[in-house]
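Please read the structure below before turning to the comments.
Every chain is named by a letter (A, B, C and D) in the order it is written, and numbering of its residues begins at 1.
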Amino acid sequence: MNMARTVVEMRNITKRFPGIVANDRVNFELKQGEIHALLGENGAGKSTLMNILFGLYQPEEGEIFVNGQEVAIDGPNKAIKLGIGMVHQHFKLVHPFTVTENIILGSEPKHGLAVNYKQANENVEKLSKQYGLNVDPLATIDEISVGMQQRVEILKTLYRGADILIFDEPTAVLTPQEIEELLVIMRKLVEQGKSIILITHKLKEIMAIADRVTIVRRGKVIDSLPVAGTNPNQLAEKMVGREVSLKLDKKNAVLGEPVLEVDKLVVKGRQGLRALNETSFVLKRGEILGLAGVEGNGQSELIEALTGLRPIDSGTVKIAGVDLTGSKTRVISEAGVSLIPEDRHKHGLVLDFPMRENMVLETYYQPPFNKGGFLDYAAIDEHAKRLIAEFDVRTPSIHTQARALSGGNQQKAIIAREVDKNPEVLIAAQPTRGLDVGAIEFIHKRLVEQRNMGKAVLLISYELDEIMQLSDRIAVIYEGRIVGEVDPSQTNDEQLGLMMTDYKAPQGGEQRE
Amino acid sequence: MNKLIKVVTKDSAVVPFVAILLGLIVGAIIMLFGGYDPILAYRSLLDKIFGSRYEFGETLTAITPLVFTGLSVAFAFRTGLFNIGAEGQYIMGMTGATIIGVQVHAPWFIHAPLAIIVGALFGGFWGMIAGYLKAARGVNEVITTIMLNWIALYLGNYLVNRFLLEPGKGRSYFVDDSANVTIGWLSRALDDARMHWGMFFALLAVVFFYVYLWRTKQGYELRVVGFNPDAAKYAGINVNNGVVKAMFISGALAGLAGVFQVLGVFLNQAISASHTGHGFDGIAVALLGGNTPVGVLFGAILFGSLSYGAAGMSFGADVPPEIIRIVIGSVIFFVATPGIIRWVLKQLRIRKSKGEVA
Amino acid sequence: MDLVTLGNMLNTALVFSTALILAALGGILSERSGVVNIGLEGLMTAGAFASAVSAYHAQEAGFGGATPWIGLLAGGLFGVLYALIHAVATITFRADQVVSGIVINFIAAGSTLYLVKLMFEGAGETSLVNETFHKVAIPLLSDIPVIGEGLFHAYPTTYLAFILVAVIYYTLFKTPFGLRLRAVGEHPSAADTVGIKVLRMRYIAVLLSGVLAGLGGATIAMTTTGSFSHNTISGQGFIALAAVIFGKWNPLGAMGAAIFFGFAQSINNILQLFDWSSNIPPEFIYMLPYVLTIVVLVGAVGRSKAPGALGEPYFAGKR
Amino acid sequence: ACGAKNDNNNNTNQGASPSEAASPASTAGVGKKFAMVTDVGGVNDKSFNQSAWEGLQKLSKDTGADVKYLESKEATNYLTNINQFVHDKYDLTWGIGFLMGDAVKEAATNNPDAKLAIIDNVVEAPNVESVTFAENEGSFLVGVVAGLMTKTNKIGFVGGIDIPVIKRFDLGFEAGVKAVNPQAVVTKNYTGAFDKPDLGKAAAATLYNNGADIIFHASGGTGNGVFNEAKERKAAGKQVWVIGVDKDQSIEFGDDVTLTSMLKRVDEAVYRVTNDMINGKFEGGKVTVLGLKENAVGLPDTSTKNVPADVLAKVEEYKAKIISGEITVPTAQ
């Protein structure tokens, strides 16, 4: 490795934002043909550093060398010319456009005055084959899965001839299968002579694929070391600055009576097809039921149906013994169902509201917040302050807009709010997506705490690790059906993965409790 | 106290004043270009606004409907809706008040409140149509409110023509005295300026706007719907209801503007060939005021005074009154682009500090 | 109603629709690039003003038949001037786009009338231009029954509008420029990261919208009024805006919507030809176009989806 | 809308003031101040506001009086604009147009010392002189012209808003047509606006398409569109006519399409009443109805260009009958 030449060198990069030094004299080096991981807490400055390399931000100080030459990267155009490509944390895809259109955008093949779509499609097809990416050039972004969207992002960089690829948290939104496939793709890219910078919060991935890892904390580089000589615990500690327990201690579950009974639920999805196809399961007090499955197998529809956001065609939903099939969201919420939604920005928060108003999003109309139609801000403030203290939500004040909080803190605030409703059933959908290990640890502890207090938790996650770690019982969903149930201690990733993709039960036939 | 000092010294407090100043300067430059005397023109403007008790009273009367239509547009904005229809809702408010004022006969303590309420309901209903079509059918409220403005114009004319007309007069009968909300003693004190209670209702509306949106449960719901309808759904708030309710309130506010023009200024409703512009001006007022209630109040005062004073510029300095539209437009422009003002302020500071050095 | 009447109606409708089509095309370009343009009314006003004034002078200078063309050109160019204010405010200074649009409407209304008064001795209206556009029949096509009279016996500006619909449709959906423009309006940071100059694209789009809306305004002065006064443009810009939305930000859709408005307008004239119409209060006849529009909108399937980034100012690195 | 060659733009609303105007014919009016307030149509409405202002301007030229106008941007300004002059002690303030009635009345009541006058409406107050016109009589005469000259027996009428004043034009015109040509049909189109040339154009197109060869319009600025449509057709080789309104519109729109106009001499009326005022003859409380007898409505002299002598003779004949009372022209309620 040492023999490889340096393709990117960033020296003494400093970047300030109002009130914060996002990058503080950062040094970073990428060698030809390596996968170099960048690790750090939320808000540590990883994306900022990469945005600088890609020309989206201009640093206040520091120099950048690409292939030994000092360069001024004044915009993405320049970066692209230098052979740098970036797959952003939040995809930069134009949704109503087709895959091809997204890929060729900005450097379109022409035929007279018009875009030569025929040639463009062929180019995309060819490139896609070359790297084993298998995308449909004619599909629109709206129609394809998140994993596919990511491949489009990768193709965009390859189409522009990038040799240096930056991946900003590429796996946060992927299913385990997709992650596997991505890792394969990355290896293939390296084989073809590309160099890769990988930002991720998942230590496992770093261990699996990276050659080197650079750790940043609060804008400063803490260390840069070969992956070979390290281990996850050491990395976590370096990154957070304290010891982090990556394993949860969990007492055995003490099961109570059933609180959520779902029986033969049928629900239509977006295209009018059955998204849930006679789904049935039971959730008891004192347990965490993990729902494993590949994204798009009815999980979102299930959440919506359980919370009254989507009409139910047939089947029943009982909460604490009461039939609440087809009830309104509010009735269900009052019956004791709390939801940590999948998309915290879209569904969990009003980003333009101050924190105090976000903390009463579902309870504003109840006493003590509502007094005869008027809001009692004294009570609301007190409530917000208490939750923020209890759940360690880092915010300058309860008057700060939710928008200004980091993802992890936004998530903590939502969890505080939902848990504080003292629900019978807590539905947690992707509760730790995109969060750093410190935040994940915190949230996992809280979920287990709820279960220990005798609450029922339904955990929906595309991350097998999370499911395996937290669940007392795992149900696998495939094409809108629960196709099996397993005990986490009795199973492994491979078996689960198999069930999640196309279940052929060893015993044959469907397996239900 | 600290907070107060902070607010006053903040850019956002300076920007409007600089914006007004710059707007007036733009107007002056254009006047000079046209060969007019801007000093005389602005003096005439001030004279028209403050020059006599009568003019001052009439300025207040000119401001009043703008407070209502400004609040109307701002209210809709706050709930995520763009109400271009204040114009039509204003006409419907007039019509509702006229119908009650002319057709119903009752003691004043019933008649006037009834006329006000029915007018507000008419305006509210007119707004609600757009709200309903948006909620139920997904029809963009920008189009429907534009169309409803025209429909209201003709519907108002029809109702006056058919049911309220004083023969040969081209307008309705006068409303009964019992429905009249003018303030006689104040008018007399201000040399017969047309003073009416609408002014005070406008102030109440400002308070209502604030209290309702930021202090009540329903206001909270509407704001959630406005900022993030998806989150509203997840929180169990009925988004469609919210849209309809918001458009109702917005429409009722615009309706009140019309109500008080009828019950306090004209005392009748004329058949009208075109829109008054109060509703469209409401958009500008709302934007001038940053969609906050107090901002709208100040916006209306600025807008109303300038518009009213324009006739004075024409009278006293022979300047075409259209110039005032340029001034108002420029003021809004500068309010909306604080970047330009900050730049100007910075230049001033630099020059000042340079001056000190020298 | 017989077919001849129908043809005539279509013909009348097109006169009214032409200006709407042009202005709506401007609205589409601007909004497709992500910049809301409720200043269409003001841009049309600017165009109508400039065309009336320059055509008047061209006529006096003896340009004859070229006069209305000069007016048209001037209208388009003058529209750009006002669009530039909108562009600077919204793109460079990231002002609220709605606010800026309102500003355009104000400033255009005020300044044009002010200028008219300066140029025409205090009169609130420009002097009448006699050399305006005349309808042109397209050989052969105009002989087709009904359609010939309806479609192919129109003002040159009407043909121009149709040509521009085709050109802009092609540009938006077939050329690299169009692809980039739409990308900028849907997801500016996506465009930025592939090296498209977002702000420059938006400037181009907004300035072009000034040209087109200016042409729209000029069309009214050069075919319908022959002069400019405070009410030459009174609401057409807003109807054009409605056509943009109604037509789902698609040139063909907007054209359809504009023709629909024109048609609905001409219905009320046709109605008044019939004796029985005297039983209908005229106010209801006047409302008809607007009511019909709402009815059609309610009946029309599918919500119109605005460009993704419409109304959002862009700055690099925006999160 | 006169020529634009003159670069003197310093007088937006001040008539030729004594210093600039060619020396006035007399100086009877020097030191006197007269003013008018327009309705929302504005001073360039090609109709009564414009005509009234021309009357005042002429007065200023003739007598050296100061004259001034204010345009009302909306109905609330009627009263405040009138009061602007009243409070400034103008010798006479005109409210121009039907819509100003209530405002003139209120200003007169509140300021008993002020002197006011109004056109097109009757205000009963001791300090207001009211002037209205018998538009139906003049319209009857242009109806006679249309009835005799139509070749298709189809005649159009384009109105602004359906209000009494316009109705007088409408009914008088129709009666005139019927009197000389019972077969002719008058098709009416009310556009609902006085300021929408596009609506006027569409209305005219529809009427011409329907076979009409003459259109009489009483629709202010909306009529621009009517003229435009006519010119359009004329250019395409079809002979169609417009009958103008209020002023001699052949001057502005050319006599190739303007058959004649129904003059309504608002300028004369304003001139006369104001001039009387200079001579100390203000008659507060008086209502003057100006009709054919007063020569305040009727056809302009330029009509000879397009209207044959025999038709004009017929017109004179009917004029005499109306003045003598032999014919009563229908009027609006």
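Just so we're on the same page, a contact is a pair of C-beta atoms (placed from the backbone, for glycine too) under 8 Å apart; a residue touches a chain by one contact, two chains touch by 3 or more.
Everything numeric here is computed off the predicted structure, so don't read it as measured data.
By number of C-beta pairs in contact, B-C leads when A-C and B-C are compared.
Chain A and chain C have Cα centroids lying 46 Å from one another. Note on chain placement: the centre of chain B and the centre of chain C lie 28 Å apart, centres being C-alpha means.
Per-chain CA centroids place chain B at a distance of 35 Å from chain D. Centroids of chain A and chain B (each the mean of its C-alpha atoms) stand 47 Å apart. Contact of a single residue of chain D with at least two other chains is seen at positions 9, 11-13, 71, 162, 192, 195. Touching two or more other chains at once are residues 117-118, 122, 231, 234, 283, 286 of chain C. Among the residues of chain B, those touching two or more other chains are numbered 34-35, 154, 157, 161, 274, 320. Of all possible chain pairs, the ones that touch are A-B, A-C, B-C, B-D, C-D. Across the complex, chain D is touched by residues 5, 8-9, 11-12, 15-16, 56, 117-128, 130, 132, 134-135, 220, 223-227, 229-232, 234, 236, 265-266, 269-270, 272-273, 282-283, 286 of chain C. Those residues of chain A lying in contact with chain C across their complex are 51, 54, 56-57, 75-77, 80, 86, 88, 92-97, 101-102, 104-108, 110, 113-115, 156, 160.
Of all residues in chain D, only 9-14, 40, 68, 70-71, 73-77, 79-81, 83-84, 87-88, 98-99, 101-102, 110, 160-164, 192-195, 332-333 touch chain B in the complex they form.
Interface of chain C with chain B (complex): residues 38, 85, 89, 92-96, 98-100, 102-107, 109-111, 113-114, 117-118, 122, 231, 234-235, 238-239, 241-242, 245-246, 281, 283-284, 286-287, 289-291, 293-294, 297-298, 303-304. Looking at the complex, you find that chain A touches chain B at residues 307-309, 328-330, 333, 339, 341, 346-353, 357, 361-362, 364-365, 370, 373-375, 377.
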